[in-house]
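Got a structure for you, written out below as C-alpha cells; questions coming shortly.
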Amino acid sequence: MVKAGIINVTGYAGVELARILARHPEVEIAAATGRRAAGRKLGEVFPHLASTDLVITEDVTESVDIVFSALPHAASAERLGPMVSDGVKAVDISADFRLKDESEYKDWYAVSHPYPDLLAEAAYGLPELNRGDVARARLVANPGCYPTAAILAMAPAVSAGLVETDVIVDAKTGVSGAGRKASVEYLYSEANENMRAYSLGGHRHMPEIRQGLRRLCPSVEPRVTFVPHVAPMTRGILATCYAPLKPGVGGREVRDAYESFYADAAFTHVAARPPATKHTLGGNDCIIYPTVDPRTDRLIVVSCIDNLVKGAAGQAAQNMNLMLGLPEAEGLRQLALYP
Amino acid sequence: MVKAGIINVTGYAGVELARILARHPEVEIAAATGRRAAGRKLGEVFPHLASTDLVITEDVTESVDIVFSALPHAASAERLGPMVSDGVKAVDISADFRLKDESEYKDWYAVSHPYPDLLAEAAYGLPELNRGDVARARLVANPGCYPTAAILAMAPAVSAGLVETDVIVDAKTGVSGAGRKASVEYLYSEANENMRAYSLGGHRHMPEIRQGLRRLCPSVEPRVTFVPHVAPMTRGILATCYAPLKPGVGGREVRDAYESFYADAAFTHVAARPPATKHTLGGNDCIIYPTVDPRTDRLIVVSCIDNLVKGAAGQAAQNMNLMLGLPEAEGLRQLALYP
Amino acid sequence: MVKAGIINVTGYAGVELARILARHPEVEIAAATGRRAAGRKLGEVFPHLASTDLVITEDVTESVDIVFSALPHAASAERLGPMVSDGVKAVDISADFRLKDESEYKDWYAVSHPYPDLLAEAAYGLPELNRGDVARARLVANPGCYPTAAILAMAPAVSAGLVETDVIVDAKTGVSGAGRKASVEYLYSEANENMRAYSLGGHRHMPEIRQGLRRLCPSVEPRVTFVPHVAPMTRGILATCYAPLKPGVGGREVRDAYESFYADAAFTHVAARPPATKHTLGGNDCIIYPTVDPRTDRLIVVSCIDNLVKGAAGQAAQNMNLMLGLPEAEGLRQLALYP
Amino acid sequence: MVKAGIINVTGYAGVELARILARHPEVEIAAATGRRAAGRKLGEVFPHLASTDLVITEDVTESVDIVFSALPHAASAERLGPMVSDGVKAVDISADFRLKDESEYKDWYAVSHPYPDLLAEAAYGLPELNRGDVARARLVANPGCYPTAAILAMAPAVSAGLVETDVIVDAKTGVSGAGRKASVEYLYSEANENMRAYSLGGHRHMPEIRQGLRRLCPSVEPRVTFVPHVAPMTRGILATCYAPLKPGVGGREVRDAYESFYADAAFTHVAARPPATKHTLGGNDCIIYPTVDPRTDRLIVVSCIDNLVKGAAGQAAQNMNLMLGLPEAEGLRQLALYP
C-alpha cells in the first residue's frame, strides 16, 4: 500500500481528499494534519469519516510516499519544498506552483516565491493536457477549480485554432469554493437564495487560465476576461465560455474537434446536451458541451465539474495515480449523486 | 412622528426591525447603533436599506421616544436599564426580561440579573395573551422566537383545560435564528442539505415556554420537552406540539376553542389546513393548525411564523404599536412573499 | 379606487401581482381569473393571500378600469384584444406585444399575431426608457424578465455610444422563472444543488433584448448572444453583460454615463459595488454595476432584479401607475427581504 | 456475476439502485425497465449513469438471478408474484409486502392483496433486526424510509423494555421522498425555503412502524403517533422520537442498551453527539443518538439516514447481499458526501 499524507485535512479540499483516499484500494492515509484539530480523531471532527481510524496530527511525522498539501498559498510551498527535496512526491493543491512565471506569481499573490527552482520543475496537473509530464513529475501543481473547468472547455478549440483566443469565461461556483472558514459573507443566511458576481477587478485564476490557453496556442497572446459568480449551492462549477469563431468554422467541425480531443480522456466527456452541475456531484467527471451561435459566429462552451473533486481533491488523486504508475481512474470511479 | 432607536442594528433582528420601521407610517428611525459598523451608512452595510439615509452610530445619541435593543442578553439589560429610568419606552428583543424568576434567569443565562426591579415590572410581549399589560408597559420583553410559536400553539388548549400540560415541542427553525456572526457551523456549505437537532441537553427557550404555559394554567406545573432543530432555510419556524388530550375531548371541541381564542387576534390565525413556513415568509402572521390523533388521543398542533418577523422584529413593532397607542397592525400589513 | 382585473392569477406572475395590488392604496382587485381554480377563494389556493376576500372566477365579469394578463402568449393577445377595444386599459405580462416586428413575432412564437394593429400601438413598458409612451398608452407590453435586466444593464452604454453593440448576456435566473406548472424538470430534487445553461439554440428573449438595444442606437444592427441559466434559488435574475469598449473609453466615463442616465429613475440604481440578487428579493429595484476590464478593454455590467417583481408583476404595477397618472412608485415601496 | 433486474428504474429509488449496482463488484445490471423511457439509453435519461451501457426496456426479458421492484404499491406485487414463483429472488421496494396483516394492508392501501401467501412468506428487510430471515428469504419487503429511521431509533429501548411503547415519531424528510413525478407541490419554487407537516390524518408508514415495534415487545400493543414533515433538502431523513422512560431508567442504562444492540451492525451506529442528515448523504449508514430528558423522564432518540440509500436502494442492496450470501456491506462502502 502506498502511504499518503494530507497536510491541512480540515479544509474542504483536504477532507474531500481524505474521503477519496480512505476508499482508494492502493493507498493508506498515513498522516493527516491540522492545526486547531490536532490531537482529535478525524472521525470526530468529520462524522462521515468515522470509519477511518486516524488521529489528526500537527505535522507529517509518519514516513510517507506521497504528500498532498491543502494549505493556503505561500504556506504550502514553504512546507512542501523540504519534503520534495527529501524525496517525497508531492501534489500541491494550493496555487503555489501553478503560475510558471515567477513575477506573475508575485504580482497576483503578493509574495516572492520561496522555491523558484521547484516552480520551474513542477508539472501542471491537468492530465487531459499533460499526462506525460505528470507521470514523470515529483511535484505536481494541482490546477485551480475554475481553470480546470475553463481550460478543459476551451482547449480543443484553441489548440485546433478554431477560435480567436479572445475568451470570456463566465463561471458559477458553489459556496464550498470559498473554503471552510468562519465568515459572515458565506453564512447560509447570506448565501442562500442569492446569486452574485465577485472579484470583478481581477481574480487570481485569470492568469492561470490565460497561461493554460497560451500553452495551447503559443503564437498569439490570449485575451481572457474572467468573471466568477457564487451560486446558492454547495458544490459544482459551471463555466460558460465565449470566443469568436474563425471565419468559416461551423458546428460540425467544432464538435469533431472536441470529440477527438477527449476521445481517450478518463474523466472528461463531450456531451450531446448541455450539462448540469448535478451530473457531476461527488464524481471526478468534467462534462463539456460546445455549440455555435450562428447569429453572431461565436463559440459557446459550457463545462461543468464538482469543484471539490475534479476541481481539487479528485484531480489530486488522479495526478497521484499517474505519478505512482497506478491506473488513472483508480479510486475515482464513484458515480455522481443524483438527485 | 415617533422617534425610535435601534440598538445593535447589525444583527438579523436589528436589521429586520430597520426594514420594518423604515416603512412604518408613524415612525422615524432616529438612531441605529452598531459596534464595528459605527460610522458607516446603514445602506452601505445593508444594500436593501440603501434608500434610508442613516449613519450607524456607536450609541443612541439622538433623543428617542422608544428604543429597541437587539443586543445579546446581559449586555441588553445593562444598556436598557438607565434608558428606561430616563423615561424612554423600551422593547428588549434579547432574553433579559423574559424569565420572571430571577433565579431561573441566573440558572439558564449564568449571570445575575442587573435590574431585578425592572424584571418584575416588564411586560411579556405576546400581545395575543397580554395585550393590556403591553399597552401599559414602559418596558416590554419581546418573546423568543420558539416560545412565540410554541406558546401560541398551545395556549388555547392549555387555557381551556383540554390537555394535560405535558407537552412536547419539536421545533424546526431556519438558519437565521443562529444570528449574523462569523462561524463555520452555519456556513452555507455546512447548513445546506442538512437537518439536525441541537441543544438536546436543554435550551434556554424551554423555561420560557414552560413559564408561558404555567401562566395559562397555574394550577398544575407544566412538563415541557423542547427539541429545536435547524432546517436548511433562511427564515421560518415550524413548531409541532404534542400533548395528551383529557378524557372525552374531541376534534370539534379543540377547533372551537382555538377559533374562539384567536377570533380577535391581529396576526394569529387558525387555519383549515396544515400551514407551511412559506405562508409566513416576511410577514407578521402566526398560523396555527390544531388536530387530534384519534388513535392515541393526542392533540397535535402545528404552528408557524417567520422567526425574524413575528419571532423577533415584527412582534417588537407590534408591541411598540400597542405601547404608543397606535393601531396594532400599523406598518405590519405586508403580505408574505410567495413563492 | 381603481378597479383592476388579473387574468390568470394562478401563475407566479399573477399571484405576485395580486400580492402587490392587494396592498396598493389606490387599487382594488375587482376580478382575478383562473381556469382550474375557478370558484375557489384566492386565499384558499394561496394562503399568504388569506386576508383578501376574493373568489377566483373563470372570466373578468366585473367592470374594471385596467386589466393585467398573465396568460401564456397567443392566448393573452386573444383575450386582451377585445377588452382594449372596449376601452379597458391593459398591461400584457405575456410576450404578445413585445416584439414590434410582426414577422419576428411569428418566427419566434410560431403563431401569427392576431392583432397586428394593437401590436403597432402597444407601448413597451420599460419606464426607464419609455416613461412618456407608457403614460399615454392604453395597452402596454410588459417586458420579459431577462430583457428587463439586460436592457437596463446596457442602455446607458449603448445610448451614449461607449461600446460596440456586440453584446454577450450571460443571465442566471431563479427557478420561479419557469412558472407554476407541474413538471419533473423543475422539481425541487432536480433543481436543487444544480446550475445549468439552457436554450443554447436560441431563447425568445434574445430578439427582445436586441430590439431594445436597436432602439437605443438605431444606426448599427446589434449583435446579441444570450445564454440563460437556471440557478438553485426561487427568485432573482443576475445578468452579466459583456461588450467591447470603443477606443479610449475608460471607467470614469462609463460610470458618469450610468449615473446620469439613471439619475431620475424610481427603481433603477447604479451601485458602488457589485449587487447580489438578495438585495432585490421581493422589491421592485434594479441594481446595476458597470465596470471596465482594462486588460481586454471590455465593459462588464452586472445587473440584478427580482424576476417576479421588476421582471414581471412589479413592473406591471409600475406601468399601471404611469398609465393612470398615479405616482410611479405607489404601492411598490416595499424593501427587499434580507436575509 | 449475479444478474440483477431493476423494475421501474426511472423513479428515484430505481435510479439510485442503478447507481449502487453499477459499482457493485459482484453484480451486473442485466435489465432495467421503465414505461415512458423504454427504448432510451439509461445514460441518456440520467447523465450521471452515462458510463453504464444499458437500454431501458419495458419488461425484464433477460434472465436474472434477483429482481428489485420500485413500482408503486399493488402494481409491484402483481409484477413480482409470478417472478418469485418462477424462482427469481426478489426485493420489493414498494410497500406491498411490508404489513403482515392482510386486512391492515387493505385498510391503508385501499386494495386487496393479490398474493396473501407471499405476504405471509416475505421477510421484512431490516437486517439489524432480521438478518437471518432475510438471508433465507426468496422475497424481501424492503422497509419504508420513515420506518427504517424510526424502528432503528426505538428498537434497543423497546426490546430492552426501557420505555413505555407510547412513541411519538416526528420525522423530517428531504423532498426526494415524494418521488420523481411531475407536480406543482414539489416544484423547487414551492418546496424551497419551506418547512411543513403533512398527512396529519394518518400516514401509511405509521402501521409499519407500529408493527415493527410490536414485534420487539409483543406483550403490549404499541401506541404510535407519527408526523412526517418535508424539509427543503433533496435527501435525508431525521427522525426525532419521544417515549416515556420506565421508572428508574437512566441515561447510562439507555446508552449501554443502544451500544450493545448495534455492536455488530454493519451500518447502524450509535453516535456520541447528535447526528445531522449530511453525515449520511449518499451513504448507507443510520446514525442514532439516544438521550434522556431528566426534567420529564422521557427518552429522546434522534436517528438519521439518507432516505434513498438506507431508506430505499442501499438497504435493498444490503438485503440482496444477505440473500445471495455476499458480504453484507459489499458495494455499499461509499462514504457520505460532505460538505
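Each chain carries a letter (A, B, C and D) given by its place in the written order, and its residues are counted from 1.
Here is the rule we go by: a contact is a pair of C-beta atoms (placed from the backbone, for glycine too) under 8 Å apart; a residue touches a chain by one contact, two chains touch by 3 or more.
Please read all numbers here as calculations on a predicted model, not as lab measurements.
Asks: Under the document's definition of touching, what chains do subunit B and subunit D have as common neighbours?
Replies: The shared contacts of subunit B and subunit D, listed by label, come to A, C.
Asks: With respect to inter-chain C-beta contacts, which pair, C-D or A-C, contains the greater number?
Replies: A-C
Asks: So, comparing C-alpha centroids, which chain is the farthest one from subunit C?
Replies: Of all chains, D has its centre farthest from that of subunit C.
Asks: Please compute the C-alpha centroid of subunit A, do the same for subunit D, then give the distance between them in whole Å.
Replies: It comes to 37 Å between the two C-alpha centres.
Asks: Centroid of subunit C to centroid of subunit D, CA atoms only: how many Å?
Replies: Spacing between the chain centres: roughly 46 Å.
Asks: From the C-alpha centre of subunit A to that of subunit C, how far is it in Å?
Replies: 38
Asks: Do you know which subunit B residues sit against two or more other chains?
Replies: Counting only residues that touch two or more other chains, subunit B contributes 12, 174, 176, 180, 189-190, 192-193, 232-235, 275-276, 278, 281, 339.
Asks: Per the contact definition, I'd like the list of subunit B residues that touch subunit C in the complex.
Replies: 12, 15, 19, 22-23, 44, 46-51, 176, 180, 192-193, 234-235, 269, 271-273, 275-276, 278-283, 287, 333-339
Asks: Would you pull the subunit D residues touching subunit C in the complex into a rising list?
Replies: 12, 174-176, 180-184, 186-193, 232-234
Asks: Considering only the defined contacts, which subunit C positions touch subunit A in the complex?
Replies: Against subunit A, subunit C makes touches at 166, 168, 170, 172, 174, 189-190, 192-198, 200-202, 223-225, 227, 229, 231-236, 238, 240, 242, 274-278, 281, 289, 291, 293, 295-296, 298, 300, 302, 304, 339.
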